[in-house]
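The structures considered in this document are given below.
Paired with chain B in one complex and with chain C in the other, chain A is shared by the two complexes that follow.
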Partner chain A sequence: MADTNTPPDARTEAPLLEIRGLRIGFPRPDGPPLVVVDGVDLSIRQGEILGLVGESGSGKSMLALAAMGLVPAPGYVMAGDIRLDGRDLVTLSEREWQKVRGRTLGMVFQDPMTGLNPVRSVGALLGESVRRHQKVGPEEAAAISEAALKAVGIPAARERLAAFPHQLSGGLRQRVMIALALVNRPRVIIADEPTTALDATIQAQILDLLRDRLHEAGGLMITHDLGVAAEICDRIAVIYHGRIVETGRTRDVLAAPRHPYTAGLLAAVPRFHGRGTRLIPIRGAPPGPVSERVECSFRPRCAKAAPECAAAPALEAIAPGRSVACHHPVAAAPAREDAQ
Partner chain B sequence: MTGAAPLLEARDLSVTFATPRGQVHALDGVELSVHRGETVGLVGESGSGKSTLALTLLRAIEPTGGEILFDGQAIGHLGSRALKPVRRRLQMVFQDPYASLDPRMKVGRIVAEPLRAHAYGDRARIAARVAELLEQVGLPADAAGRYPAQFSGGQRQRIAIARAIALEPDMVVADEPVSALDVSIQAQIVNLLQDIQDRLGIAYLVIAHDLPLVHQIADRIVVLYLGRVVEEGPAEQVVARPLHPYTAGLLAATPTVDTAGRPRLMLKGDPPSPINRPDGCPFHPRCPIARDRCRSERPALVAPDAGAARRVACHFPGEVPPPLAAGA
Partner chain C sequence: MTRSSAIRDAMLKRVTELAVLLFAITTLLFFLLRLGGDPAMIMAGDEADPEVVALIRARYGLDQPLIVQYLRYLGAMLTLDFGESLRASRSALGLVLERLWSTLLLALLALLITAVLSIPLGAWLGYRPDSGDRKAVNAVVFVLQGIPGYIAGLLLIQLFVVELRWLTSIGNQGISSWILPSLTLASFLVPKMVRVISANVSEAMREDYIRTARATGASGPELLLRHALPNALLGATALIGTQFAFLMSGSLITEVIFAWPGFGALLVASVTRLDFPVVQAAVFVIAVLVFLVNAGTDILFNLIDPRLRRQTT
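This part shows the complex of A and B:
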């Protein structure tokens, strides 16, 4: 099913969003900065959704914020490039960023209540964004706004333009935020845990919507939930302690994880066919941020740790479209024999 | 398991709150039982009443209708003094290990709190028991002298579990015990809860929105919708062959790494507000198979066949195809 969503020419096009060697640090008074994103490369092509999967403190949200020019001070981009449609974003001024955000870059956040200005009606929020970025009059802006609400499956779109965010249910609010992200037809949409705050049946509706709409541009989906990534992402990149440890086509990575951390996550998550078996936890907890990385960050928790792991491994291609940062990758056979 | 009297039983339990916008029927005739040593998983979405049910069973809320029986004793309207011996046997673990532990108290004192409240013994005896509990939940012995802020989320949940099992209760109600934790840590806590149950025979009522998790750990699953139990039965049967269309929809909506890309039964709309409950079956506005009867007549929670271990509140049970049967 995921196949039909990937355009056949996706592989030959230049990436829409390309991140190279990104490092994000937080200065501290008594030493070198703490590096929370450490040399990340990512690229997203037209019509593709990339899932960035990681746990708390992995750096996934900081990476998303950097791609939106929103790294909270005193954090800063220490090194690396972020290119959107060939244009370097890292050197943009805040004024220039404001022309990018909401125009070429759409953003969807976890909590639609804090992501939407509560004193603006839905119509005002959408209309202001349209008129900020497009040369249209108020009537045309209203028509574009109404069309944007229809495109995200909001019934009675015209009447909803008058509503305020607090008058809408959580699911409708998230649809409005997606409409706002899409209203100026951005090239790339970044969605940070867009369904985490929603109930399961609403999450399923929003994931369906995101799958369709994000494929029309390019999508970066930040999530902690492997199941969510499996539902809508064409490729996934697993991030651990500020570094990508594994990347590849979603179904390849989930069917046969090569990094011990990815394999560990999959063994730790409950599944419907796992009843009566015990979950296999990953021992210990992720390390806190560091200034300088020496060993593989996963080494203290890894069952396969060996002396070589004292040197942090680089992310290296092991197959076309598949990379892993591990000195001793998991064997290529399926991780679970009980998967039918 | 069906032969013995339940350890905890809710009979026709109702809780109504008065609000400026009208009466909220948070719980509306809930029937629930938990037997000794059993794990019951309670699932439902926002507004289903699952957290209200937990607080009512623990008597943090007094029911407005029906009764709660604990080991045969009616506890629904007991005063706090009469409840004290019940509380000793019925403990709680909360979702947020950051909010449920007093940040100014050292861990040793947090774990000792129930021991002191129930006059467990002198200081030395309590200290020895605390050390034993910390070991049982996998925390270092020196944890007793530290503050909750010095521990990670997973370790804090271990502290909360140590406190809950300090008096060797018969039952623990756990409200989303792992949902605030990262996946790699969740499994540690789930396994700890299972080990404790194996050792102490504690019954669990686990409230969770995560169906695969509930399926993993529960003997029985109870599905709550708009303050009512809509389906109940052995976990594997409920998941493999849901009888209520809401259960089927919830299963189909759950994203998992194994079932991605399958055709889905999509429930439309939002769960309705408990203030404006629909007539008839409360699920009918979202139900893919609703008929005239469903709009006027509320279905009772009954066994689908004589002698079945399951109960369902639906006029047309089992009509929706099980979402996980093919391709799962």
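This part shows the complex of A and C:
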């Protein structure tokens, strides 16, 4: 498939993480598997944050877990490549995966209240990961852990090593979760809805932190909130019903969404919404997972649906670094003059 | 409220509970025992002279109206005076306490065996509860849980004493004689604890923090031993209190089977002989013991669960 979602200036640089044709399925006893991620291509370069945006149930978490080799059974990767620095991960054994997780790939999960072991101290959690991947003694591991806590903006880092999760606020816990993802300086950090469980004010702080830390490596920022993606992502990929429907540089996508679904998402974000007009939620709900796709999955909800939409459209380049999967994309001229 | 006054209040509440509990148990016991028969007749024997029986009654105050006996009994109990054994002319409480250590030794050994057997087995079962071999073991444990504990004791005696002649089954004659009774007593607890621990482990393995640990590269054994098991065992410590009470009732049967010189056997013998003072003293001691273990578990729980530990920062 053509390299369609690469900005021209970055084209020479090989991607850090490259996903090609990824399909993830759940077997069914009475028929072919349900496909929840269906032929996704993504790439992330050094120093770049890619936003993966879509409604709940669209397959974002499954994609992230596949990149970590953690698709929950009975789900499995049906097809595709996941390459990290050119090395194929899909074929790794569990033992090899364990050397990659936490070392070259770090992951931040959504809920810091349940995501940290209640009976392990912060220092024990971090130190365990450091000593698993780096040949250091306990003192050096503690020093590395402390540095990681400092890097995520936790005050009194040394004392916090002795703290247990319940002694920390939600915001601090999420910082610890981020420290856990980056303590071994991974090449790519995946953050799955890292601010969804947090208060609005804390959300902004955590986004600032992620913007800095993810840019130092490569970042995959997963969110259902286009506004959050707009804050920190260099590029955006919009996922709908297990497929990427639109990609492009963040400012291009926000200025002129080409897929009707992206346009709908944008219209539902208060910050991008013109004053005096109504917020327009996308009508209807996304379809459940299917085994085989015939029509465009967005067709039942789409205002522009036409007879051609009975055949699912492919993702095609429409400009350098910009692609869309739609038979009737929204006009290229800014659909909403207030979108900036 | 300051911390020390909170602790004082908690202790006061506990002590009040204990006092109410002891009052209720001893009162109930007093009247129940009097329904059972006339101890003077039993002491004197079936063929005894009525005058002898009357003498015995007078000696132990059994000729007084029941309410007087009860009030006397309550008054004496306040000073921990349960009277003399009707059989041995010795202090009833002294008899019980003398036997206490044998019972505690047995209980401790049984707890140790229970921990050694049920922690690894429970962890193994709970780690992947859906795999075929573990389902089979789980079914066996489930069946074992339904078998009364004393059956285990009888089977052990049949095998090791009668068939193999490796061990003895009578009394406390040193370490080799501890094995069968403590195994028997442990058999009361093991199936239950295996099931609790395996359920806790399999629940913990589904928690979000396990996925977080996986994402840092933890292997299967690390997930189990460092992340799931500590949480599972913490949950199981809350059961120590109730399981100890269960252990005490198991020790009655076990001690009778093995003629173990503990106070369980003493209690059973005293009930059949209507030796009221000893029965009352033994039940009193068991109640205090169970209470102490429960209170101790609470304190232990507060010490080892970081969520309950006081913040030190």
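One rule holds for everything that comes next: the second predicted complex is superposed on the first by the 320 of 340 C-alpha atoms of A that agree within 3 Å, B and C clash if a C-alpha of one lies under 4 Å from a C-alpha of the other, contacts with A are read in each partner's own complex, and residues count from 1 in each chain.
Keep this in mind: contacts are C-beta pairs under 8 Å (C-beta built on N, C-alpha and C of every residue); 3 or more make two chains touch, one makes a residue touch a chain.
What you see is a predicted model, and the numbers here were worked out from it, not measured in a lab.
Partners chain B and chain C fit side by side in the overlay (superposition on chain A). By the document's definition of touching, of the two partners only chain B reaches A:Gln203; chain C does not. Between chain B and chain C, it is B that contacts the larger number of residues in chain A.
Looking at the shared chain after the overlay, A:Ala331 reaches neither chain B nor chain C. In the superposition on chain A, A:His133 makes contact with chain C only, not with chain B.
Looking at the shared chain after the overlay, A:Arg101 reaches chain C, while chain B stays out of its contact range.
In the superposed model, chain B and chain C sit 70 degrees apart as seen from the Cα centre of chain A, a figure rounded to the nearest 10.
Of the two partner chains, chain B is the only one that A:Ser56 touches; chain C does not reach it.
Legend: residue contacts after superposition of the two complexes on their common chain; A:Asp111 is shown touching chain C, with no touch to chain B.
After superposing both complexes on chain A, the closest C-alpha pair between chain B and chain C lies 7 Å apart. Those residues of chain B that touch chain A in the shared complex are 45-46, 152, 154, 182-188, 190-191, 194, 209-213, 215-217, 235-236, 239, 249-250, 252-261, 264, 266-268, 270-271, 286, 324, 328. By the touch rule above, chain A contacts chain C in their complex via residues 68, 70, 95, 98-103, 106-107, 109, 111, 114-121, 125, 128-129, 132-133, 159, 162-164, 166-167, 177, 180-181. Residues 1-2, 55-56, 169-172, 199-205, 207-208, 224-228, 230-231, 250-251, 254, 264-275, 278-283, 285-286, 301, 339-340 of chain A are the ones that touch chain B when the two sit in their complex. The part of chain C that touches chain A in the complex is made up of residues 207-209, 211-219, 222, 226-227, 230-231, 234, 305-307, 309, 311-313.
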